[in-house]
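Structures for review follow.
Common to both upcoming complexes is chain A, partnered first by chain B, then by chain C.
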Partner chain A sequence: MDFWTDLLISILQTLISPTTAAFVIAAIGLNIHFGFTGLMNMGQAGFMLMGAYGFGVSVSYLGLGFWPALLVAILAAVVFAVILGIPTLKLRGDYLAIVTIAAAEILRMIFKMSLLSDVTGGPLGIHSKEYRGPFTELSFLPDGSTTILGITYQNNGGNDWWVRLVAWALVLVFILLTWLLVRSPWGRVLKGIREDEDAVRSLGKNTFSYKMQALILGGIMGAFGGIVMTLPSSMQPDMMGRPLTFNIWMIILLGGAATIFGPLLGTLLFFIVRIALTTVAGEFVPREVLSAAQTEQLAWVLVGVALMLLVIFRPQGILGNKKELSFNV
Partner chain B sequence: MRRPLGVLLLLGVLITLFSGVFGISAAHAAECTPEGETSCVQGSLRTSAGDPASGVSLTLSGPVEDQTTSTDEEGKWAFTVTEMGTYTVTVDESTLPEGQFLKGVSSRDFEVDPGRVYSGLFPMTDDPEGESAEEPSDAAGEDEPGATPAPVEDGASADGGAAVNETPGSFSWPRFWQQFVSGIRLGLLVALASVGLSLIFGTTGLSNFAHGEMVSLGGLLAATFMTLTGNLLLAIVIAVAVMALFGWAQDKVLWKPLRKRRLSLMQLMIVSIGLSIAMQYLFQFFFGAGVVRIDTSTPSTVTFFGVSLTVQSVWIMAISLVAIILVGLALTYTRFGRATRAIADNPALALASGIDVDRVINVVWVVGAGLAGLSGVFLGLVFNGLTFFTGGQMLLLFFAAVTLGGLGTAFGAVVGSMLVGMMVELTNIWLPGDLKYATALLLLILVLLVRPQGIFGRKERIG
Partner chain C sequence: MSNEQNYPYDRAALRAELSKLEQVPGVAKPDPILSVNHIERHFGGMTAVNVDHLEVQRGAITALIGPNGAGKTTFFNLITGFDQPSNAKRLIGGGDAAWSFNGKTLNRTSASQAARAGMVRTFQLTKALSRMTVLQNMLIGASDQRGENLFIAPIKPLWAKREKENIEKAEELLVRFKLDAKKDDMAGDLSGGQKKLLEMARALMSNPAMIMLDEPMAGVNPALTQSLLEHIQALRDEGTTVLFVEHDMHMVRHISDWVVVMAQGEIIAEGLPETVMSSQAVVDAYLGAHHDKDLGDDDAMNTGFMRTIATEIADEEQEEVR
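Showing the complex of A and B:
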């Protein structure tokens, strides 16, 4: 029985971990892009990288406080969105996909450059103790550690309760924000663009401007996701490469694009299924047949296959409505 | 003419392969050509009198297993390095010529980036105290074919010969031409893959994100067949044939049914992303995450006009060029080629005029996958090995090439590939090696800003 309690606890730990929350936040952002506006952003990891490094470098290299650093991170994401949006938002959808994925890769390469090691830490990245200080200082939790449901973490410092609290609070805020926004007139224009851009344009709306706003808003959420993901331990450019973007896409399509809770549900399922698979395989399949690394690799193969099957047979995901889904090109 | 000409076309590719003879002979002890991911750490040893010191043993230690070499009769030594990292070269002082001593330290560290030349100086003296005022005048690397003269900065030999690193920003014409030729080579290899990508895009509208994995698979298969057969040529032919078969099967099993289901292009694109993830991890599962070598023999080099290349590279370039020209001719002059272009132009009209669209697309997949496989084999040979992610890394270069030339035009893809290859290798002269691929991607974005339809594309495609 020990095995099952351990599994349950590790699932629980994954469910509340800041990484999970970061994925939800980034997926909410991508949902604004893809789900509500129909933009094929394949560079969400680039936005996350902008956020993470915008914050991390501001604190560790420039020595800024928490709020200015956060502002830098947000501005970095906005600038990235504007630079991406101007050339591509007027073009067909697959151009945006290729340009965003290329731009995100360029960013990753630049931040990985050994020339910039002093600023970005090069391929090794930055350890969280160099940029976490201002964030930890904001904590109102008492020192020490707390155990909830058999899971113990420190209250403040490192991989702690404080990050978890803030991360999931942000998830709530962004879900609420999305809910309010898509009900608003602004959100209706976005959906209109997704359904038929020409029709919206004929009503006198500046669709380019709306798409740009959506790109910026989702990008800022991506930036928050990046910060949350990197607060517990460290940031490296390679954490935020193409695989991350693809995982977030997987999450969106699993949970259901253009739904409020799709990103949350998708993320939770994505993590639970993966951890359950690898843990169960690790317990019941002998080491000689499958090593731990191989189990992990097979789990990823399943992710790829699942993504294919999902898009083919149920593109609207679990919560989605097929009518709301647009893969318009 | 009813026979699938595309298959014949692929056979043509294979036949050109047969006609190539890979002359691989045991190389000179002290030869190393920097190309692709391969870097060289080299130098030459002279006695205090200026004579070459032969038979001195040196050891290279670093992230991978240690290598030992000894200087040849001209006093030259070289190590070939394929992994980035910090390496240490140590001179075995007991093997120095009699009465000679090292003036400075006996070991030097090198921070090795891909595709560069590093020169190490180990000046000698006949004074056992090692404090001679005489300074050796050789800037190592100057007399190496293909190695760019490494500038000796701030009197490097004054403090006993510092490790001279060829820094970005050191422009010289020999280096320019060396990079230029590397650019052509990379361009040809990118073209092999992107012609297929472009044809598939043109006929089906699919932006195939799994194309990079087809490239990797070609290389990995060649490595497998190489260990099985021991014959490089045979291994390449089998690998390309298997890849062509894989392309055929992929279309029959996956893409054709999806076209019948009327999946939108974006859905197809995401399906290809899923396929690419699955394939990448399958490669890791079967081949491991490390570098897989296709050919482990030491390549021999030739020098044209001061540009040094391995003999293998020359063959690779020739075969790639022939393959690309064959595809071009087939597209232009055969019925099948015309049918392909007709489908790219207007599938409905092509269907209405009696073209068997599915069959043409199937052959396009066969040819595209075969070419991608060939590209993967060659990349593996040029880069001295490949990993499960080699194709994935190159994927965006393929997209850059295809978009640059104009989505869906095969000729444009070739021109775009050459531009991308040049861009990557030439900017490498000035920019640090880790930004190598970034410039090509930047070029892609700039082109989309100025001329979104690409060089040869038509406006209506951009929507």
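Showing the complex of A and C:
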């Protein structure tokens, strides 16, 4: 197969991969926090950790079924949001940023502790075969494998079509939910809080409660993102650290904060551009000039440059409305 | 929340009744809507507010005047829950600060609860929700919206009817405040004066029993001032109690039924506009001897007036020399 077909297929594979879907879901949650409510959550990865481990540990260690384990994951995210929110949501916005990034790091450290390796697997994490069973059992797909557009995966088991189906269905559900909420009076109050909290308070709205609701809702979406991300292969604490949070932030700014489809478009572009860059550079730039590892790093450098250009020339993101720009420089 | 039992308003009768009162700080009103008992606020060693007793008459327009830094805005913040009195009742220990609105004690209520009780305020520095349209700004002011509940919000039929009513009401108000043409513009694009209007219109969305305006006229052009005055009077005629802070003495004299004067955190005088404005204490603390002369007016610039001022300045200089 020639180079361009390979590239196209690898782009297609990335586009439908569960990891991409997980990024979209987490970004939709962060968009509720930042785009619509103005909450500077710098610890979205912490919510993803809560979701992933809440689900994984419930199945592998406690032996719970799929739905109870999912409930545990959601509750874990809710508890995390409440613990973060109570001390910080009454303060100025920046405090939330400091506390969330610290809390997410603390969580990662806790899950990494070798003391807990019986439960969380410590730094090695948990392999998906330990917690995937109940999820695979829910599948209605027949056994075997399917090829669509030259991409072949198993139907059920491991990195399969079933995860992809569920992951993108979730993306659809969360986009729809966001749309329904944002057009409602509830969404209007959130935007009001983003603009001027005191004004909204003076109009009789309990802003603390609304901010908490937004933090919890976006956090639950983050938790789903964490589960989706870890279903195909395994979960380790370091998968969901600061870089992940920052990438999700970049996705939001790229796609356009406070838009419905911004997180989706941002994620797709983020992955396509990186894949295309590394593949094209790997093919056409001689090894002596750039090694494979270096192309990967160069891609990240270009991502950084792109982010700077974006903030300078199109601060509202690709889909954003200039008048509603959320990232003011 | 809403004042369906409209207060029977008759300005002459109300004024007659108010004029029977003894015009001293803290005097009891025939029918107070807001009653404040001893609230204090200290910032470090400075006492910003120290109000012993104040009652605001229901259905009247009460003006709160005083020099800059007198504590008027802090007083607003305290009674609307945006700030806590230094002598507030706390979990352990506590003070004697107490105030009630419409028979409801507001000692420990938050700003949003105070607003829901029917006491809606505006801000000296306008707080328009910039990246939302004018109409959205208005709609957020409406009360009792089921659609503001997270679990009801996704299902539009449950809140669509209320939303429609609110939109109609908002459009009506926008017409009254001459903002209807700007309905779909971002609030951030309005001029300073228009933001003031928007903020006032927004506060009216919930039919408050009392509206508290913090310098509604600052930065508003004369034509608009006139229409704002009319709006405020119309509000009162509909039964809304108005408490406002203002530096424009013409306006205060023109529309207020009762004037409260603050200086250095304390209420130094209250009474009918005419009486208060001629009181020596108020003139000394705030108005200045020439408050009723228009410095920009040709008439006032005549030689006689200039001579008076020149003599006074010379006198003062001599005193300083001595």
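The working rule: the second predicted complex is superposed on the first by the 324 of 329 C-alpha atoms of A that agree within 3 Å, B and C clash if a C-alpha of one lies under 4 Å from a C-alpha of the other, contacts with A are read in each partner's own complex, and residues count from 1 in each chain.
In this text, contacts are C-beta pairs under 8 Å (C-beta built on N, C-alpha and C of every residue); 3 or more make two chains touch, one makes a residue touch a chain.
On a predicted model such as this, the values are computed, not experimentally measured, just so you know.
**Student:** Give one word, clash or fit, describing how chain B and chain C relate on chain A after superposing.
**Tutor:** When both complexes are placed onto chain A, chain B and chain C end up side by side without any clash.
**Student:** Taking CA centres after the superposition, what's the angle at chain A between the directions to chain B and chain C, given in steps of 10 degrees?
**Tutor:** After fitting both complexes on chain A, the angle is 90 degrees.
**Student:** After the superposition on A, what does A:286 contact: first (chain B), second (chain C), both or neither?
**Tutor:** neither
**Student:** So, does A:142 touch the first partner chain B, the second partner chain C, both, or neither?
**Tutor:** neither
**Student:** If we overlay the two complexes on their shared chain A, which of chain B and chain C does A:95 touch? Say first, second, both or neither.
**Tutor:** In the superposed model, A:95 contacts chain B only, not chain C.
**Student:** Check the contacts made with chain A and report whether chain B or chain C touches more of its residues.
**Tutor:** With both complexes superposed on chain A, more residues of chain A are touched by B.
**Student:** Please indicate which partner A:87 is in contact with in the superposed arrangement: first for chain B, second for chain C, both, or neither.
**Tutor:** The first partner, chain B, only.
**Student:** After the superposition on A, what does A:188 contact: first (chain B), second (chain C), both or neither?
**Tutor:** After superposing on A, A:188 lies in contact with chain C but is clear of chain B.
**Student:** Touching A:177, do we find chain B (first), chain C (second), both, or neither?
**Tutor:** Second partner only.
**Student:** Please give the nearest C-alpha separation between chain B and chain C in the three-chain superposition, to the whole Å.
**Tutor:** Nearest C-alpha pair, chain B versus chain C: 11 Å apart.
**Student:** Share the list of chain A residues that count as touching for chain B in one structure and for chain C in the other.
**Tutor:** Dual-contact residues (chain A): none.
**Student:** Can you list the residues on chain C that touch chain A in the complex?
**Tutor:** My answer: residues 80, 82, 110-113, 115-116, 120-123, 127-132, 136, 139-141, 143, 145, 147-150, 152-156, 159, 163, 186, 188-189, 199, 202-203, 205-206.
**Student:** Where on chain A does chain C make contact in their complex?
**Tutor:** It is residues 177, 180-181, 183-189, 191-192, 194-196, 198-207, 213, 217, 323-325 of chain A that touch chain C.
**Student:** Can you name the residues of chain B that touch chain A in the complex?
**Tutor:** Residue positions touching the partner: 111, 113, 205, 207, 258, 261, 263-267, 269-271, 273-282, 284-285, 392, 396, 399-400, 403, 432, 434-435, 437-438, 441-442, 444-445, 448-449, 452, 461-463.
**Student:** Over in the complex, which chain A residues touch chain B? Could you list them?
**Tutor:** 40, 86-88, 91-95, 97-99, 101-103, 105-106, 109-110, 112-115, 242-243, 246, 249-250, 253, 294, 297-298, 300-312, 315, 327-329
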